[in-house]
Structures are given as structure tokens and as C-alpha cells.
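Labels run A, B, C and D following the written order; every chain starts at residue 1.
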Amino acid sequence: MPTSVIGKIVVDRLQLINEQGEADASRLTHLPESVYNKFFETITLARLYNQRALSLQREGRLGTYASILGQEASQVGSALAFDPSDWIIPSFRESGVLIAMGYPMHLLYRYWMGDERGMSCPEGLNILPMCVPVGSQLTHSVGVGMGIKHRGEKKAVGVYFGDGASSRGDFHEGLNLAGVFKLPIVFLCQNNQWAISVPRSAQSAGATIAERAFSYGFEGIQVDGNDIVAVYKATKDAVDKAKDNNGPTLIECFTYRLDDHTTSDDASRYRSKDEVESWKAKEPLIRLRLFMEKKGLWSKAYEDEVIKKASEAVDAAIKEAEGFSQPQAVDMIRFTNKDLSLRQKRELEELER
Amino acid sequence: MPTSVIGKIVVDRLQLINEQGEADASRLTHLPESVYNKFFETITLARLYNQRALSLQREGRLGTYASILGQEASQVGSALAFDPSDWIIPSFRESGVLIAMGYPMHLLYRYWMGDERGMSCPEGLNILPMCVPVGSQLTHSVGVGMGIKHRGEKKAVGVYFGDGASSRGDFHEGLNLAGVFKLPIVFLCQNNQWAISVPRSAQSAGATIAERAFSYGFEGIQVDGNDIVAVYKATKDAVDKAKDNNGPTLIECFTYRLDDHTTSDDASRYRSKDEVESWKAKEPLIRLRLFMEKKGLWSKAYEDEVIKKASEAVDAAIKEAEGFSQPQAVDMIRFTNKDLSLRQKRELEELER
Amino acid sequence: MKLNMVGAINAALAQEMSRDKDVVILGEDVGRDGGVFRVTEGLQARFGAGRVMDTPLAELGIVGASIGMAVYGLRPVAEIQFMGFIYAAIEQVFSHAGRMRSRSRGRFTCPLVIRTPYGIGIKAPELHSESAEALFCHMPGVKVVVPSSPYNAKGLLASAIRDDDPVIFLEPSRLYRAIKAEVPDEEYLIPLGKGEVYQEGADMTIVAWGAMLHKAAEAAEGFDAEIIDLQTLKPFDEELILSSVKKTGRLVVVHEATRNCGLGAEIAAFVSEAAFGYMKAPIMRVAGYEAVTPMARLEDDFKPGIERIKKAYELVMEY
Amino acid sequence: MKLNMVGAINAALAQEMSRDKDVVILGEDVGRDGGVFRVTEGLQARFGAGRVMDTPLAELGIVGASIGMAVYGLRPVAEIQFMGFIYAAIEQVFSHAGRMRSRSRGRFTCPLVIRTPYGIGIKAPELHSESAEALFCHMPGVKVVVPSSPYNAKGLLASAIRDDDPVIFLEPSRLYRAIKAEVPDEEYLIPLGKGEVYQEGADMTIVAWGAMLHKAAEAAEGFDAEIIDLQTLKPFDEELILSSVKKTGRLVVVHEATRNCGLGAEIAAFVSEAAFGYMKAPIMRVAGYEAVTPMARLEDDFKPGIERIKKAYELVMEY
């Protein structure tokens, strides 16, 4: 009679391409080769966009910026598993996700230049503005999921957040509600091992973030976040599951933030060069390149061509972003409410004088 | 290479005395017989206190009241596992816990009469005031645990909350912090199956609340919350573990709220008579009585004596509570800050006029 | 039909839900139980559990989910069981509901309503009697509405639900069942941002809202006072207050919330600037003390009573 | 020694930690990294990780834990990385920190300090520039302090840490490194609840605090203005303001926060009542617009600039 076992939970980790670029063929057969090109081209584009953002910031042409270096597989691989009409709810570090979803890069740059117009998502895409209060976007996915259910649409929600965000109450309330209402949500934890200076080990004593999903009544899985094929596969499965009304999934993308937290951070204050070096060796592009080369999908010439196209796109985006006029002061009032109060109207006049 | 298992979690349930009062002798040897008397006497006292509170409320002599009927084993059994010098952080339904800790009953009644003086804990006890915002007391246990660690005391913290509270972000942040800092806390979830009209099944899709502990890096266990011996044993082990610096434990006491949520609720609106009846059969006193009878620790005479003593204590407490003077209006200002502002002083004068 | 405020709010919800299937209700105990005050009684049976959702105990989640629904295109009406429990959701209100339109430059909007019982009045436990309206009045992007009668409760809530920005709808629990009055079955809207002259008068202007409106009016017996029921606290009806004060030259604002940085301060500051020269007496505020809202036994000592209010009226008149 | 505000706050923390071993620091990145503004630099190395604790990303938990420590008997100093992120912890501040003494009738108290950078000024991302002081001024039980110089930052923070009630200590990020000034090594305390005459004058009284104090003073050149540095916002120094206003007959309050229900409203309402008859001109408030605090590009258009402030001064003088 005394102690009886009433529950068993098993936590899995998915990797499809190892650091040497070797793959388990049996599990990849379902993927058309063009997908790998898409992976390679999008990562390249996102990485170039990111490099340029960093140098623009150094030149004072862009504000504080959060680099995605090292996380491209987790961002691009997951984003490409969604349809453009699905809903994406990003944190503040999701530039790669937005680029993969087709969000105009010049708007992204504009946003990082401190201009709200950069987060005015084009029609046809359903991407919420980047969310600055860490973790506070999590429960929004619940509401969007409820909306999708209410209208009976066949859509999924992808909500992104970091390992740090996983410590916030929002994580708990969001995942618990998603489980209770069995909502079509894919929770994409970008575990890049750091929350500014706080390492994953100090963020939680739990072994994985993925395992938490089970206590909310749905599946969680950890994927090698630098293996874009694994990230894509896990996300695609979760998106399909969501659209088949089989509820939410938590995916922990196990990756690494290779750069400083943001351009106003100095990571050398709190982490070792060795740690960073060891992760550089695992960065996603090396692996994808090796894998594609083995498959005969990669050549120097191909890469040069991809980079050329990407730089042209990035140059054009920067040109367009810097071509924006300074936003109008009146906009801060005009966009605060739909119907302006008398006070707001007086303030508009004051500003227009 | 593909999916590898990176984690396994096993969730246990503890029951030491079944509904027929049969026990697993081997696991009880460590308990002196006097403990069972203490259990019986404290449950009897708490139950009488509770009955009288309900009738006082009906007579308009007490305000809205939250009954503990059915939960006495979970409350008393856990509380008795702490030392008087340990720290107790209750929710709003912990009358039984406070009584077991030796909190003066007249103060409890006074509190339910709408008087803050009822929550002025006597020196010698470290029991925080009952907490009304559900779940918001959870993170306080973290701070008290940090204080105990800071001063190097050999004390434990017991923090109580319900199944409803387990859905709040406070639960997550509290348990996660407790795990990270390895604090001497016993998290006592009083899962009485209902949060007003919301059943446990609608509170979370997770199978148990206990299992969540593992994802915070410490142990969780579900106990039969109507088996006071199991509750006591699980809590005692957790308290000892805490005092040996082995960190927190989550105990899910699986019990049932036999009465309405509070005196302003009507549970018949949302749950069936049958469900309530089936749980009445499992209520803790029946089982303890059977068990003690088998051990020769119970007799009708003994019970009568216990009840007599208890009623005298309760009568005295009510007399004392009703003997209180009406609190002074000035106290609401005097106890808002230590040093009163000029405005507060003016307001005091206005009140004293 | 004669209804109390509970019935009027219930009627407004039913009306809006039948009119627009994107209107959904969510909160703790709002479904099966019909709400702890029975405000949503019968709505789940009528509109289904998909549109009247009982949620887990998670205020942050309730409001966060409402924001997601509103951004998606629905018109959620969230219930927070008591205003004292809205604090856990304040980040969602301030950092998201009130900012989504601005942040996305109009691409996404947040038409949601948060209903919550507020104020002292039912001798309930601690934190069941909060009057924290001023916090929300300070936050750009958010509107704040407080009904004072069954009639305006129905008309104001309908307008709040149709408003394209977030509205905090505060329901004075003291009034839920206090007044029964004629409430038209047919649809009507009371515009947000407009106050109502509750009583005309010449000697002084009294501004109040919700439950205190009635106390303020009771205390005004014997005075030739113009009483304004503010109805919308943010943005409040500047014109109505100004025109009245310019006529009377005297102003008393009455509210239950603690005085410091309460809405009374804003109204007094606004009038003292905009009607300077018109004032025959200092603008007085009658408000809660600089004290934690007490439990039941001291409730009545905390909130302004007839005596305190009358005293203020006399002071401005004697001035 | 010459210090900027970062150095002065760091010095105050070090001083109090060496004086009282119950003083502990906790927050995100406050330890190893020394805080994103380096305010706690070197403190973990000096006092150990047990007293300078890097926490997980959990504002609610940070403040909730601080309350537990304070109730237990320690004197926690919590850092919230930016004021825009304090909202998640507001329930802990309002419903617990500010009420623990009252709720337990003095048996438990809550001597904790929450430090957080506040206001516009470092061209940071959204929600890194909030001025939400008025929210906390409205809450009974809680004190609010804002330094304006390295000197008063050290003296005020020391007093805040020794205060037996919760104190919200708002650090104008714009001033962190803007001013370097002489700060005594030895211990000194600046009492809470007292303002400071920053400049004497006869024609008008200007009340400001934090970063806006300097803008208000800059704009006052050419005016014979008495400028009051409020220092403690709650409870504010009524006597100092009144005596000055009764002398000058004119008052302008300048703050960065949006006007509606800002602290300026309370000061204006208080003075218009208490100094009625002394006022030669309407009390003016120069404040942020009724708008969401914008991102970097529009920051300077949101916060009151020299021109707007000067205009108010001229208006009250011309009156």
C-alpha cells in the first residue's frame, strides 16, 4: 500500500545532423532537397543582416541591438516550419525569425533605429511587435490560440522566448492555460544558455526546460538548436499537431548566444573565452555546409552566389531604412488611442505649433 | 543519433493508512503512540472550531468564513511536523494549520470577525498573516528561506496554498527560486479538488501538481491528504531534509473541500451531491478513529473526553474574541507606516475629534 | 424592465454577445457558477462554454489571453473577481493593452474590456474593497469607466465593449443590488468620455462617481449643489466640469480611494488651472485616508461618510 | 571624493552593507556583472554571493522574496533592472510590502528598498524609460524617493535602507553618469520626507525632482525663481512647498511622467487648497504628453524640453 508510482515522464532530445554534418538518412527522406537550400540561404541572409546591424550600431547609425549570432538555426529552422498566415509572437531577439517569415528587413532595421514604424507588420503577415518585457508575450499566444479556435481556423501560433523568460510567471500561466484549453500553440524556447550574465544553471535547478511541458499536460522536447534540420522537423511536427487540434508543444532549442547580450553588454565580464570558443565550433552553418556538401548541394560558387544576393538585399534594406523621414512627434499621441481626448487634441496642437 | 532520452521523472503517491484504517506497520514503527492522540485531539479541536465558526457566521457574529471541513488531516498533519519556531506562511484557509501550531483560537475568530488584530501573531510563533490574494504568499517563503540561510539557523519554512494557487505565476517563480537557491522550504499544496467552482481537472491538464517539483530541481510527492499519518510522515521527512540543507520539497496533499468554498458560496451550483458523498466516506477522522481503535488507542470515553476539552477551549476562545473592544479607527492610520506623515497626523486628529 | 446593476450588466453582456459573436467572456467562476456576484449568470448556458470561459486561477493569464484575443480580432470581456486582484495583471494592462496600438503604429489594436467589482461595501475579507482607479487613469492608452446606476451600467458597458481601445470597467460592488431601476430592454449607448449632470444647482459643483456619487448626493441635501456623475474617469469630461464650476465657483470632489494622487487630485489640478479666477473657494477633496484599506470592522471609518462630506460642503460654502 | 551618481549609490550600498550585515542585495545581473549600469560593481566580490545575489529573471519573485526577507528581519535592497519591468511585481508591492505592517498590526514589518533606474535618457529600447512614480505615490504604506545628484543619492539611499517601511528608490538613468560631484566618504543621512531648496527666489516656486530638476533649473535662467528639489515624492515636503509658494504666489511643477494623475496633480491640488488666496497665477504643470512613452527617435519630443518649461514660467509670470 505505501508508496505507489502514479506518474512517469520521459524527456527526449532530438538531433538529426551531428557536428560533423552526418545525418540519420532514414529520418530525412521526407524533406525535399530544396529545403536545405532554403535553410542555407536564409541563415546566410539573417547572418549578414545581423553583421550589418552590429556595424551600423558601432557607427552610431542604429540603437542598442541584440545579436542573433549562433542562434540562426533555432530561429530560421523553426520559423520556416510555419505558414505566412500563422501567428508569430516574438521576443526582442527574433530578427532571424522575422526574416525567415518574410518580414521586410528595412522595417527591422528601422525598429532598431528606435522607430515604432518598424514594428508595423505588413498585411498578410501576423507577426506581433517584438516584446521587450521578457516573457510577457507568452500569455498572448493563449489568446491568439483561443481566437483561432473560436473562428475555427486551421492556423498555429508560434511564440518565442528565452531561457531567462522561462523563469517568469508568464511562462507558467501561459503554458498551463494552453494545456487546459488544448490550444494550437508551439512554444519555442530559445535556450541560448545565458540571460545577460545569468547562466542557464543559475536560471533554474531543473535539468531541462522541455520537461516542464508534461506537468501542463502536453509534450515537450529538447532539440539540438544548432541543428537546423532537427529544429525544423520538431517544429513542423508541432505545427501539424497544433493544426490537427492536438494541442500545444514545448520545444526547447538548445543553442548558444555567441555575441554579447546586446551592443551595450560586455560578456567577457561574466563568461570564459573557452566556453564561447567551444560553442563556435558547434555553430549551425558549419554543420549545414558539411551536410549539404556531402549531399552535393553545396559548392563555393553556390555559397558566393548566395552571399552576393544576400548582401544586395541587406544593402537595399539599409538604404531604405535610412531613407525614412524622422517620425512625426504627433504620432506618439495619434497612435495612443483611436479617439483622442480633448487633452490629447490640445497636445497635438501644441506639438504642431 | 536521432532522439535520445535525457531525462526520466517518476511521481510517487504515499498512503500509510487506508480508508479501512489498515496500516503498513513496518513504516509506522518510528512513531510514538502519543502522536496519534495528538492527531486525534487536534483534528477534533480544529473541527469544532470550524463548526462554531460556521454557526457564528450564520448568526451574523462572524464575517465571511472559509471552512476546513475534510481537510483537517492535510492541515493538522503537516503543521504538527514543524517546530513552533519554524516559519509558517498560510493561505486564507489554514485555520487548522494555525490551530495545530498553537495559534490562539480567539485571535483566529477575531480575524474572521474582520479585525486585523486577529492576525497579530504572538511572539514565539512565526506565522505570517493569512494571505488573501491567492498564491501571492508563495514567493515570501523564498525570502524567509534566504533569511534562515543567511543567519545559518536550523529552521524550515512551511508555505501553504491550494490547487487553484498552483496556476498562478507566483507558484512558478517561488518554486523555481527555491530550487535555484536550495532553500529550506516545504511547499504544501492543499489540493482539495476545487477552486471555488473550478474543478482540479480544469485548473491544469497536468496529471499531478507534485510532478512539477522535478522540473525545478527538487522532489515532489503526492500524499493521501485524508491520511494524517501519511501527511505527517511526508512533511516530517521534508522538514528534516530542509533543516539538513538538502533543499525544498513539494508535497501535494490530495484531499477534498467538503463544505462550500466560503459562507458566501453555494457549491450545489457546480458540483454533484454524489461526488461530495463519496468523499465524505473518505474523510480523515473516520480512518484515524478506526486505526486507533485497532491499536487500542481509541474508546468512546476517550473521544467524549477529547470533545469535552475541545468544546471548552472553543467556548473560551469565542468568549474572548467577542470580548474584544471595537478596534480604533485611528489604528488604520497608525499601522500604515512607522513614521506618520503630516497628512496622516492631520487625519489622525480628524478621526480623534 | 426593473433591474439592479447586476441584472443590467448581465443584460448588456447578453445584448453585446448576441449582437457580435466575437464578444467572449473569460474569468474565474464566470461560467458554470455565473460569477461570484452572479453577474454572468446564465450566459454560459446561453452562449456556450466556448464564449463564456471558466479559466484557471491566473489573473495575469486572463488579461494576457484577453490581449491576445483582442489583437487577433475578438472583443474579450475579462472578469477579475475583485479589483484587489488585478495587480498581478497590471503589466499586461500597462505594457501591452495600452501600448499595442502605439507599438505597432495602428497595425494591431486591443479592444478589450476588463470588468471588476470595486470599492468598499460587502464586508468581505481583505483586498476585496480596493479603489485603485487612479492607477489606471495614469496610464496612457487605457480608458476607465465607472457606472453609478443600473441604467448607465448597461449603456456604458455596451459602449466599452464596442470601443476600439482597452477599457477598465469598475463595478461598485456596493451598488450591485442596492438600486433597482427601470432599464430599457432595447439597445442604447452612453458615450465614453461624457459625464452626466445628476442634479442641477447653483452654489457649488460636486464631482463623484460610482457608489460615492450617492453618498455625495445624500450629503448635499440642503445645499443648492450641482452634482456631476463622472461616469468615465479617463478621459474625464473636462467641458462639463468646467462649465459647471465656472457657474458655481466652488468644487468638491468626493472619492473613496486614498487622497494622495487619487483622481480627485487631477480634477482639482485641472480645474484650479483652467478655472483660475472663477473659484470663490478652495477646491476640496473628500477621500479615503492615507491608510491601508481596512478590514470589515473599520471599513466605514475609512470611506468618506456623510459627516465628512457635509463638512467639506460647508467649508467651501462658508469660504 | 568626486563621484557620479553610479559611484555614489555604490558607495551608499557598500557603506550600509559594512554597517549592517542584514543588508543584502538581490536582482538580475547585480552580482558577477555588477548590474547593467555597474551600480553594484564590486559588491559581490567584497561581500560574497550570499549577500549580493544574482537571481533568475523573475521580478515578481525578486520582490516577493525581498518581502519574505524583510519580514524575517533582513534589510533587502532589490534591484529591478528598469522601472518598466516593475509592473510584474506591483501586486507584491501594493498588496504585501505596503500592507504587512497594517495587516499584522505591527507584528511584522517590511523594511525593504527597491532600486530601479527610471526615466528617459539612454536611448534604450521600449519600456526602458518609464516614469511611473505616481503609481507608487498613490499606495499607502510605501515611500518614494528620487535623488537628483550624487550627493543626495548617497544620503537618501542610506536613509531608505535604514527606514522601517518599504521604499521605492528611483534612480534617474539620465543622471547616472551626467554629473560628477564631491561626495563625502564618511556616513551622512538625508532625511526622507524633506525637500531641498535648490535655488532661492522670489517670483515663483518651481517643484521638480530627479533629472527634470536640472531641466527645470536650466529653463529658469533669467527668472527670479525658487526651485525645490522634492527628493522624497511620498510623503512629500508639504511645509517647504507651502512656505515657498506663500512667499512667491506662483507655482510650476515639472515632471517627465504623463500629466494625467501624475504627482504634479497632487502637488497642485494640495497647494491650490492649502494656499488658496496666496496664488497670483494658476498653478501650471509641465509634464509628459497623454501618450505612450515613445522609442528613442521621439523621446526628446515626449519629455518636457526647455522651451515648453520656459513657456510655463512665462505664463505664470505674465498672469
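Points to keep in mind about this one:
The rule is simple: contacts are C-beta pairs under 8 Å (C-beta built on N, C-alpha and C of every residue); 3 or more make two chains touch, one makes a residue touch a chain.
Not measured: the values here are computed from a predicted model.
Of all chains, the one whose CA centroid is most distant from that of chain D is B. Averaged Cα coordinates give chain A a centre that lies 36 Å from the centre of chain D.
Averaged C-alpha coordinates give centres for chain C and chain D that are 30 Å from one another.
Distance between chain centres (mean CA atoms), chain A to chain C: 40 Å. Shared interface positions of chain A, defined as residues touching 2 or more other chains, are 116, 133, 136, 167-170, 173, 176, 180, 202-204, 331-332, 335-336, 341, 343-344. Touching two or more other chains at once are residues 55-56, 58, 60-61, 84, 87-88, 91, 95, 102-103, 126-127, 140-141, 235, 260, 290-292, 294 of chain D. Taken pairwise by the contact criterion, the protein chains are fully connected, each one touching every other.
Residue ranges of chain A in contact with chain D, taken from their complex: 63-64, 92, 113-116, 132-136, 164-165, 167-170, 195-198, 202-204, 264-265, 269-270, 326-327, 329, 331-333, 335-336, 341, 343-344, 347, 350-351. Chain C meets chain B in the complex at residues 28-29, 31-34, 36, 54-61, 84-85, 87-88, 123-128, 259-260, 289-292, 294-299, 301-302, 308. The part of chain C that touches chain A in the complex is made up of residues 22, 24, 50-51, 53, 55-56, 58, 60-61, 63-74, 76, 91-92, 95-96, 100-109, 140-141, 143, 163-165, 193, 235, 238-239. Residues 84, 87-88, 90-91, 94-95, 98-99, 102-103, 126-127, 132, 134-135, 137-138, 140-141, 234-235, 257-258, 260-266, 268-270, 272-274, 276, 279, 281-285, 290-294 of chain D touch chain C in their complex. Interface residues of chain B, counted against chain A in their complex, comprise 1-16, 18, 22, 24, 27, 167-173, 176, 179-180, 182, 202-209, 211-212, 214-218, 222.
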